[in-house]
Structure formats: structure tokens, C-alpha cells
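In what follows, chain A forms one complex with chain B and a second complex with chain C.
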Partner chain A sequence: MDGYRIMIIDDEKIVGDMAKMALEKEGYLVETFMNAEPALERLKAVKFDVVVTDFKMKGIDGMEVLKRVKSLYPGTKVIMITAFANLDTAIEALRGDVYDFFPKPVKIKELKASIQRALKKA
Partner chain B sequence: MKIEHKIILSYISNIALILLIGIFSLNNMNIVLTKFRFVEIADDLNASFLEMRISEKNYFLYKDRTALDEIENKINITLESIGAVEKDITAAIGENNLSQLKEYLKSYAAAIEQIRSNTRKSVRLEAKLRAEGQKLREYFKNITQIERRSVNAIILKSKKVLFISFLVILLLSVFGGRFIAKKIVASMRDIEGLAVSISEGSFKKIEDIRTDDECASVIRAMNFMSDELKNREEEIIQSKKLASLGILTAGVAHELRNPLNNISMVAQNFLEMYDSLDREHRIGLMHKVEEETKRIEEIVKNLLDFAKPKVANLEEADINRTVRKVVNLMQNTLDISNIELNLSLDPSVPHVFIDGPQIQQVLVNLILNAVQAMSPGGKLSIKTYGGHEGGSVIIEVSDTGKGIPHEFLPYIFDPFFSTKGVEGTGLGMSISYGIIRNHKGSIRVESTINEGTTFTIELPAYKK
Partner chain C sequence: MTKSSPGFFKLVFDRVRRVTYRQLPFQALFEIFQGVLESNNRALEIITDMGEKLGGDYLFDIHYVKEAYSKLSAALAVSIRKFDLLTSGKYSLLHEVYSRIDKQISNTIYDLPLTSGKRVAFYEDITWDMRREVGGKNAGLSDLKNILKVNVPPGFAVTTYAFDEFVRYNGLNEKIDALGKDAVMSEAELDKLHSMIINAEIPPELDRDIDAALKRLMAGCGGYCRLAVRSSGEEEDGEISFSGQFDTLLNVPSAADKFKDAYKKVVASLFSIHAITYQRSFGYRIGKLKMAVGCMAMVDAASSGVIYSVNPGGDRETMMINSVWGLGRTVVEGKADADLYIVRKGVNPEVIHEKRGGKNSMEVNAAEGGTLTVDTPDVLKGRPSLTAGQVRELAIQALFIEKYFRKPQDIEWAIDKSGNIYILQSRQLRAGESKRDSVSGAPPVEPKTVLMKGKGIVVQKGVGAGRVFIINNGDELGHFPKGAVLVARHDSSHFVRLMPYVSAIITDTGTPTSHMASLCREFRVPAIVNTGDATSILRHGQEITVDARDENNSVYDGIVQELVGHAYSDSPEMESVYEYRKKRYVLRYISPLNLIDPTVDDFAPEGCKTIHDILRFMHEKSITEIIDRAEHGVNLNGRIAFKLELPIPADILVVDIGGGLEPAGDLSKKHIGRRDTVTVERITSIPLKAVIKGMLYPGAWHSETIPLGMNDLITSMTRMSDIVSESRTKVFHNVAIASKEYVNLNMKFGYHFNILDCYCSENARNNHIYFRFAGGATDILKRSRRVKLIAEVLKAYGFSLWTKGDLLVARLANMKRDEMEDILNRLGRLIAYIRKLDALLRDDSSIERYAKRFLEGNYDLK
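For the complex of A and B:
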């Protein structure tokens, strides 16, 4: 798993911190952002293999991030997490080429497994 | 006195007055009629007297004795005809005048008789005859004239009395009617004022009831209603609060999910990596749990604060802080509906003297209404400004929603008025209005269809 680049975008700082903590232990290169603009700037410079993003954010939201990532790197997998878990958001997310969808509270083990699957598929 | 009685009384007095005038006029007519009948008879009598005097003249000119017979004959006929219409004549000129007239006729007849029985020509008797004839005619002419004058006088008097009576009736109906109307209207105004104050939520009462009529019972009923409403206001505020609490809870539940997720993720890492973490790391993670717990506590406390029933408890407060508190409470409601929030809070606005939770409730009401009026992507702006140089502190809540139809605007703050159909209780705005009024402030609304609505609250700046 070494060397894969994972990007986490969530306006809750702890989400990024904890995901980074758990994923770095697996050998991933992890970068965290609290909103979408600087994250998308960074993506222009470096390709990430998986982007984990919050669905609902101020400014650019998760669906917009998905669109921009896919236009830059069609092979990059996007995983959504959200506190607003309802059927509508899930359906919208999955329709739009999202690899996986996690309602909060996030099970870190499941997130790790999902990322592994995503990388294998790539 | 009851209004009903007042009106009946004024009718009766008017009718009585008209009846009196009628009786008076009828009486006058009768008098005039008798006098006219007399004048008619008088004309005939006058003609007879004239004929008598002509015959008398014939006698003096031609010394024709048959002329004397003619006069005598005429006197008899006249006396007879007087006898026939004696009643009418008595009614017109009275007993005395009539007997005087008869007396004159008889002495005239006697004078003729004397001349006839005296074969010699007597200058003295002739002069007497002439004088009697003269007297009779003069007297009758006099009576007739007096009667004519009295008829004129009666007609003139009737005219005057009628004119004055009509004037009195006119004045009575105008001013009497106005007096009654004024008393009724005054009571109605009282009732109107009471109704307006109740609808504005200030639950006044009319302490001294000025009348004892039907209006008084209405006022008493409204006083009772005002009392009851006042007693129930707290209840209504509380029930409305609980209604908006339902909507808030949905938002708050989502808001709780973030710190819960944070705690969960920290705990998962803590358990998973316990052995590989040093002491410092472990403590750091537990601090995070502690912080997130505080965050949850704050959210729950805000919600409970809002739900708690409270008597108005005025305190000096920074309105910007109150606005921020409400916005925090509602952030997720806004997020769910995808509403963009623009806050423009002037940090220099002076403090206000308010019951924090009550003003929060007003803001929650306004924001919930705004959210319901907008489709996703709408913009909610909250502004504070003013309050300097004795002016009011102003809080503006604007949305870019569908707007309120112009014809509804005057009723927006009325109790039970709702544009939301079965969903709304129609109490939110009226309670907000009541709360702002209790703070000696004002609230008003401007709205343009399809452009949006702005609610403007003015609160007096706090003076130490």
C-alpha cells in the first residue's frame, strides 16, 4: 500500500486528523484539508489515488469536488462521507460516479477496507 | 339607558310633537273654516243691508212709502236667515255681537215703523232712521272687518307655528340623533380600540365603562376575553415554541452527528492503536473527546434554553451575540435547505435591554419563516445597525423567497393568520409581535412577490 496518495477533505478538523492517523499507519501518504478550494489547488499539482470528501461543505461541496477530480483524473476514486445521511443524498452521490458513501459516524475499519478495494480496482 | 330605549324614546317624542302640531293645525283650520262660513254669510247680509239702505235712499228721494215696506220685508227676511244660520254666526262672532246686531236690526225696524205710523213728515224721525241704518251698516262692517283680520292673524300664526315646529323637529332629529349616535359611536370607538390593542397583543381592558347600554355588555365580554387571552398568552407562547422546537430538533440532530462522529473516530483510533501510542498521544486523544463532549453539551443546552418556559426577564445584552446564538442553533436547518447565510453585524451597535430567550424565539420564528419561503440556493441576510444618537437598534432579517402577497401584509401579525395552510398555527408572527411590543420595540414587514421579504425589528438602545 506504500506510496498511494490519499486526500481527506472535511471541515471538521478531527475527521481529517483521525483518518490521517489511521491511514498513515497503513503506509499511505495522506494530506488533509478543511475546505475544498486549497484541496483542488493541490490536486492540480499532484495526482491523488483516492479523495475522501465531506458531502456538505461551505463553498464548494462534495458533488462539485467529485466533478473537478474526475475531470482532472478520471481514474481517481472519490469516497463521500456525510452527517446528513438520508436516502436522497446517497442516491445522488452514487449516481454521480462516487466509489463509496459513508454516513457519520464513520467506521474507520470500513473506510480503510473501502480504500483498499478502490486501489485494487484501479 | 339602553340604546334601544333611547331610540324608542326619541321616536316617541318626535311623533308626539308631530301629533301636537297636527292637533293645533286641525283646530286652527276649524276656526278658519267657521270664520269663512261667517264671511260668506256676512257677504249675503251685507248685500241685504245695502239693499235696505238703497230702499231707504229711495224713500228719502221719492218719498215712496212702498220703499219702507221693502225695507221692512228685507229686515224680516234678514232676521229669518240670521235665525237659520245663527249657530254659525254665534260660533264666528259670539253671542254678544249677534244680539247686538239683532238689536240694531230691531231698532232700525222700529225707526221705520215710527215713520210709517206718523203720517206727517218728521225730520227728527227721518234723521233717526238714517242714523239707525248707518249704525247697523257700520257695526256690521266693523265685525266683518275684525273677523277678516282675525282669519288673517290665525293663518299667519299657524304659518309661524308650523315653521317653528318643523325647525324644532328638524333640530331634534338632527341633534338628538347625533347625540345618540355620538354616545353609541364613543362606546364603539372604545370597543374598537380594545380590539386593536388585543390584536396587537397588549391585552388591555376598559376599566371605566361609560355607558350602561348594549355596548357595555360588549365591553364587559371583551374585557373578559382580554383577561383570558392574557392568562393564556404564556401557554400560547410555550405551545408555539414547542412547535418550532420540532423543526429545530431535526436540524440539531444533524448538528449532533458531527461531534458524535468525531468522538467515535477518536475512540476507534484510541482502541485500535492503544499499544502503539505513547502516553502523550493518548491524553491528547482524550482531550479531543472532552472537547467534543462540551460541544454536544452546548448544542443541547441551547435547545433546552429555547424550550424552557420563562417569564420575561430583561437583561442588558449584546444583540449581535443573541443573533449569533440563534444562527448557531439554526445553522444546520439552513444547511439542510441549502440556504446561504449573510451576516452583517455592526459591532458598534449599543446594547439592548431584552429577555434573551424571547428575542431568540422571535429570530427563530423569522428565520424559519424565511427558510420555508425559499427554495434551495436562497439567501438569508441578517443585519444589525443603528442605535446611535438616541435611535433604535435595528435587526433586519431578509430572504430571497417567494414573498408575501400585498393583500396579506396588513394581517401578517394577526393571531391565527397563516399563509401556510394546515402547517402553520398562525401564531408565530403574532407572538413575535407581542414580544417585540413588550420590549417597547416595533416590527414591520416589507415584501415583493418573487423577490423576497424583509422583517425589520427596532429595539430601544439600552441607557444606563
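For the complex of A and C:
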């Protein structure tokens, strides 16, 4: 897994910090952001292989992140995580071009597996 | 006057309320009782879920914590309300205790400051919930002293509350807050802040408290001692070491002003340039960290040093001890040419390598305070600074501490001139734990004999190895060897006293939400419950390795060294994420269990420190209450009692409070028996049926007369008057109050009483058996022998017991329904069997003989 770039966007620091710790151990290059604007700025400069984003955020939300990522890099996979899990959000997300969708709390093992699958497909 | 009015009204209100509750029919009370159990269980499930989600395997956010806690609060509120009803509000203090714990939890969730309002706390008074206030180092030392009973010099903590006061009093807050905002504060500005602290004034209340504490410390040291004044930051010695980041001042004279100067110096070291850089690199918000300070009696050390409980070279089976003459700071700072001992770990630690250091100079206490480095006297220079016995003793203590903390330890120690060993600090050792090492996760395991695989439920992950020690009854707890693997039929919160010494626990039955399971998590003891048959697969004394790193757990024959080496790698990676540690902290007020033994004074609302404690307290007291109510003055509200048709003269009336008997309509339809009697087949109460079946077991009930001796006759005649006077006030029947899952059976046979209270349902956590036996017609010696016999038998069934003379109280809890039924059946046989047995117990040897016979299923009296 060495060298793949993963971006984590979540407005709570703990999510980014924990994900970074878990994913860096797998050899990924991980960058975390607490809101979407600087994350999208960064994306303009560097391509990421997988973007893991919170669904509901102040300002630019997860669906918007998805759109912008896809317009920049159609091949980049987007995984959505959300604290407000209900059927509607799941359907909305999956109707878009979301690779995977997890309600929080997310089992780290499952997130890792999903990222691995996403990278194989890419 | 006005002040006392609310108290008066409360008193009147309580009285009225109490009277009202007393009049509730038993069935209503019983339903309330069930309600308490139900909401308690819901609460415990939420606690278990929180433990799992906050355990490092999940990405979670504060929404989850808030939501889970609000669900928990709702369940608890229902529980407490019902509990109040059940117990007539007699534990009203519980509300106060709960609101205090709730406040601590809310403060943690919303990141508000936590304080007990204490400025100073002695080590012996520090409890885990004060961890943040006293800082990591002080908390660790008090754990060593209070839990592990390790020899720690006397001392006290000056808390973060005092720190806040100190900062506010001197108007330093703004300056410190500014630290967090400025990306880089210049070194000159930090220097300025530093000197402001050094010149600051100690607030008067703190001044007073420090003076009192110093006085108490001196009194404890025989009048005079020098002090070691040490930093204890909020997070220090936790997962992030902070080692060497803050100041420690040694050999400080005990005059109050000297101590206060030292205090300020240590506080100021929080803001040194290197300490700030360090905090930043670990993601701390600068200016948020608070400093508690430790003050400890200075050991006049003959030799001192450091132990690494695993060899930093990577060999986890050995430990390393460094030692010098005098004080140990040179070892800590890595400057000394110290003696080195490599010790193989084990029950008998063994030195496998020894290197004599030059030790040309040594650090000693200076007469005027502070320390100085002097040339080592020639007579000491070439000599080893430790005796073989001291090396061994240090190794044993280190193993003991490591076992408790479940992580490799970096331990500072000193030996005084009389040869007493003191532990000065113990913190997690970071060395020798490479990232890659834990990435690869499971080390390859050599093919070994697998004794068990995938059985049961892992309630605490980890690896443990040692000899199997099978516990059959509570008496054996005292013989448990340190480091063994505890194997038992049932789980029990009584195992708590062994937790620091247990390598792993395996039980045949049990649940992940039991009290024991939560203790295992608290003490990080790897544990597998509900394996079904561990006690029959594993042999007492056999060496095994328990690999409970995930659900596919395995138990291997022998010690698997590759696995044992990994005993510490239970998700250490997340521990280094500050945000994670901070959020997880909330569990400290939720899941640990401190109330263990209902027979000690601490078992009171005041003793509750966590939500789990409150639940445990309510559970226990609800059972006591229902037993008490069933026994005294039950208001059955006009319910009909049915006489049980039995082939033995047991004379039992059954009062159905819901599902205990087949409905009356059906009874009359089937024309079975008279309308006011009921046959055994009609009993639908699970526990009542089980115990009656036992009483009717072929051969258990003896109808033949057993001749009484002269002594017994006289005793029985004098005891007659008691019985007769009692019979005037009591109905002369044995009574069973029964529901589908519950029975309270109150039986008198001749001169002795049996009281059985039992809840037996599909949910093992609700289940309990309470059995009380008292009295008899024979002389006290024989009656006591009968009680001893009952105790022998019940012990074998796993009951915990209390006996005095001819009185016995036995309890058993948290067993599965089918096992409960089996034990109730055996208890029924026992109740029948022992009715007249006392007359035959002519000497002590007969106790064991009859107990053995009974356990073998031989109910012959001859």
C-alpha cells in the first residue's frame, strides 16, 4: 500500500487523527482536513487516490466534495462517512458516484478493507 | 427558621411516601423490581457498546459519545426512579452521587474543566477519578502505593485546581492563552513568562493548604525529611511520556518557602521552549496543558537506578537493570557509567549478564539542599552497587508492576541506607516497540497443540500465559499463585482481588456485560467467557498460552514465547492520538466497577464512583429489598393461595403473582384437584418447579424418625416456647410467592428455616439464588455441623457463603437458565435431605462424610 495518497475530511479532529494513525500504519500517505475548502485547494495541487469525507459539514458538505473531486479526478474514489445515518442520506450518497458509505462509528478494519478494494479497482 | 423548613417538609414527605410504598401489593413491587433489572440491563448494554466503540477499533466522533451517553442517562433515569419506588426512597443519596458523576461526564464530553476543588491530595487519598487533577505521575504513584501496595515514599500532589488558582491569582491567564494563539512565541517572551511565574505569589488558600500538607508529611517522616519536588503534568506518564520535559528538584529543604519556590520553578518549566516544542509535536493545544506537582519525601539513597522491564534491545524475555551509587539522576539522564544487569524474567528471575560500571563519580544530597556530584569513595568504586538479593527483589517488583500496567515499564527506584527498596516512578516504556512490529500484527505461531479454538466470547483482548489454576469455590482465591491463568466454571466479581496477578481468565459460563468482564477491561486482563467446557478441557497446573487477540481465540498447550512477547501490543497505536485519549476518558466515569463486595461498608451510594457502580448498587439492593419484602409483611392484596398437592408433608401454599401457576380457568376446566389446591404439574414458575422437583427426587426426602439424644430432647423442648409464640403471629404454612421467573420460598420444617429467593430467566445477568438456612432442634454443635455440611455442598456448586453458628447465607448469580434449574433441583434435594440430618452429625468427621455422599448422589442416611 506504500505510496497511495489518502485524504480525510471531517470537521472533528478526532476522526482525522485516528484515521491518519490507522492508515499510515498501512503505508498510505495520509493528509487530514477539518473543512472542505482547504482540502479542495490541496486537491487542485495534488491528486489523491481515495478521499474519505464526512457527509455533513458546515460550508461545503460531503456531496459537494464528491462532485468537485470527481470533476477534477474522475478516477479518485470517494468514501462517505456520516454521523447522521439514515436511509435517505445513504441513498442520496450512493446515487451519486460514491464508492462506499459508512455510518459512524466506523469500524477501522472495514474502512481499511474498503480503501483496499477501491485501490484495486482503480 | 426558614432555612430548616425544606428539610422538615422533606421529612414529612418522605414519611408519607414511605407509608404509601409500604402498602403497594407485592405483585406491584415485583413488577417494579423487574423494571429495575430491565433498565439496568439496557444501561449495561449501552456501556458495553461504548467500551467497544471507544476501544480503538472504531472511528467515532463526539456525536456518538453524546448520543450514547444520552441513551445511557435515559435508561439510568428509569432505573433510579423505579429503584426509589421499590426501596421507598431510602437511598436518596444516590441522586446526589449520580448528579456528581453526571457532571464529571458532561464536563468531559463538553471539554470543561474537572475539579474536586482540592488543592492538595496525599497519595493515599488519591483515587483514579482524580487522575487529571493530580497529573499522570502522581496518579501512577498512588496506583502503585494504593493498589499494588508497592513501597513508594510518602508524599502529596498539588493539583491542577491549585495551578488554575495560582495562574488566575497572578493574572497570568491572558499571557498563557496568548501562547495558544501565537504560532510561534519568541524565546524572549517565554523567558519573560517564566520569570513572571518564578516571582508570582502563592494564593493565600493554597499557601495555607501547602503548609498543612508539609506538616502532615513531616509528621509521617518522623519529624524531618528533605523533599523531591516533581512535575506531574495532566498527561505526563500517560501514553505520552514527556520524559525529561519538565523540571524536577531534588533534596529541597522542607521549609515552606523553599518548597514554594520549588513549586513555582516546576510550574514554570511547563513553559520552557523545549517543553512547548514537545507539546506542539504531539498535537497539544499550547496553553491548555496544566501542571500538577508532586512532593515526595526524599530517599537518602545508597544506590539508585532504572529498570526497563523489557530489554530495549528487543528481547522481551529479559529485563535490564541499571544501577549506581547514590542518587539515580545520572542514570536517568544517561550520563553514568552504571552497573548493568540483564535478568531473565520468570517466577525466579535469573541474572544472565552482568557488567560492572566504572562509577567514578556519584550524585549525593548536598547538606544545604540540592545535589552535588562527588568522586566515588575508593571502597565503593569497584564494587557492584547491588547485591544479588537486591537485583532479584527489584526484578520481582518490576515484573509485578509490568503485569499490572500490561505494558513494558520504565521504573525509577532507590534503595536507602537501611536496604529498603522504594519505587519512585513507573511509566510506560516506549523503546523496543517499532511501528512495523505492530503492523505485521500476528507473529507466526509455531504449530503447537491447540487445546481450544474459537470457543466463547473474548471480553478483553490480549495474550496471557501461565499455569492453569482452576477455582471451584471462593476459598481457593487465597491460594491463587501470581501469574497463573484463572479458570473457573462461572465468572465472579470476587476475582477482583486477583486481577493484578492474573495472566488471563477463562470461564465456562459468563457474559461480556458481567461485572467480572468489566473488571477485566479495567485491569486489561485477557479474558474469554462462556467457553462451555474450559474447566474440563484444561488441567489444573498445566502450562498454557491464551491468545485472545481477536474473536478467533486459541488456547495452546505450553508457553508460546512468540505470542507472550506480543502480550503488550493491544492496540497501542491509538493510544498515542491525543484527541482519542481525551474523548475516551469519559469511560473512566462510566465503566469501571469499584463496588464489588456487598458485605463491606463501602457498598453504599457514597461508594459509587461510576455509572456502573450505581447500576451494581441498585441491582444488589433491589434483590435485598424484594427478599426482605417477601419475608416480612407481604401485602398480597387478596390473592388466593393454592395448596400444593405433594406426596411429601411439605405443606406449601403457592401465591401466584403472575405466570407462576397455570391460569385458574384452565385449572377448573381440567378438573384437576380441588379448586383451592394445585398439582406440581400446574406449576409454571421455572424456579419453583425446579426446587420442588428436587425435593421430590427419589430418596432425598426421609420420612423415618431419627432418634434424638437426651441433649437434643432438652434443647428441642426449650426451643419449643420460641416456636409456639411465633406460631401465634404467623400463618402455619410454608409459603411460595411465585411468578414465571421468580420464587420466594419460605419454609419451616420442625425447628429450622429455609428461605430461598430466586430469579431464573433467559437473561443470565438477571439471575440470582439467595438461600438462607437457620435453626434446628438439636444442640448448637450439631446444628452448626449441619450448617457446615450445607456450606460444603453449596461451595461445590459455586455459591459464595457466609455462616455463623447455625445460620448460613448463600448466594449465586449470573448463571444461565438451564444451569440455574439444575442447581435449584439439587438445592431442593438438599433441603429435603438435611431436614433431620443434624441428629446424625455426632462428630466433625461426619460432616465431610455426608457432604461427600450427597455430592455423589447417595442420599442414604445410614
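Rule of thumb we're sticking to: the second predicted complex is superposed on the first by the 122 of 122 C-alpha atoms of A that agree within 3 Å, B and C clash if a C-alpha of one lies under 4 Å from a C-alpha of the other, contacts with A are read in each partner's own complex, and residues count from 1 in each chain.
Keep in mind that, in the parts below, contacts are C-beta pairs under 8 Å (C-beta built on N, C-alpha and C of every residue); 3 or more make two chains touch, one makes a residue touch a chain.
Please read all numbers here as calculations on a predicted model, not as lab measurements.
Legend: residue contacts after superposition of the two complexes on their common chain; A:117 is shown touching neither chain B nor chain C. By the touch criterion defined above, A:47 lies against neither chain B nor chain C after alignment on the C-alpha atoms of chain A. After overlaying the two complexes on the shared chain, residue contacts for A:26 are found with chain C alone; chain B is out of touch.
After overlaying the two complexes on the shared chain, residue contacts for A:83 are found with chain B and with chain C alike. Judged by the touch definition given at the top, the superposed model places A:107 against both chain B and chain C. In the superposition on chain A, the residues of chain A contacted by chain B and by chain C overlap at 12, 14-15, 18-19, 21-22, 25, 83-84, 104-109.
Taken together, the chain A residues at the contact with chain B in this complex read 12, 14-15, 18-19, 21-22, 25, 56, 83-85, 104-109.
Taken together, the chain A residues at the contact with chain C in this complex read 10, 12-15, 17-19, 21-22, 25-26, 81, 83-84, 104-109, 111. On chain B, the positions that touch chain A within their shared complex are 254, 257-258, 260-262, 264-266, 268-269, 272-273, 276, 288, 292, 335-336.
Taken together, the chain C residues at the contact with chain A in this complex read 53, 57-64, 283, 435, 438-439, 573-574, 576-580, 583.
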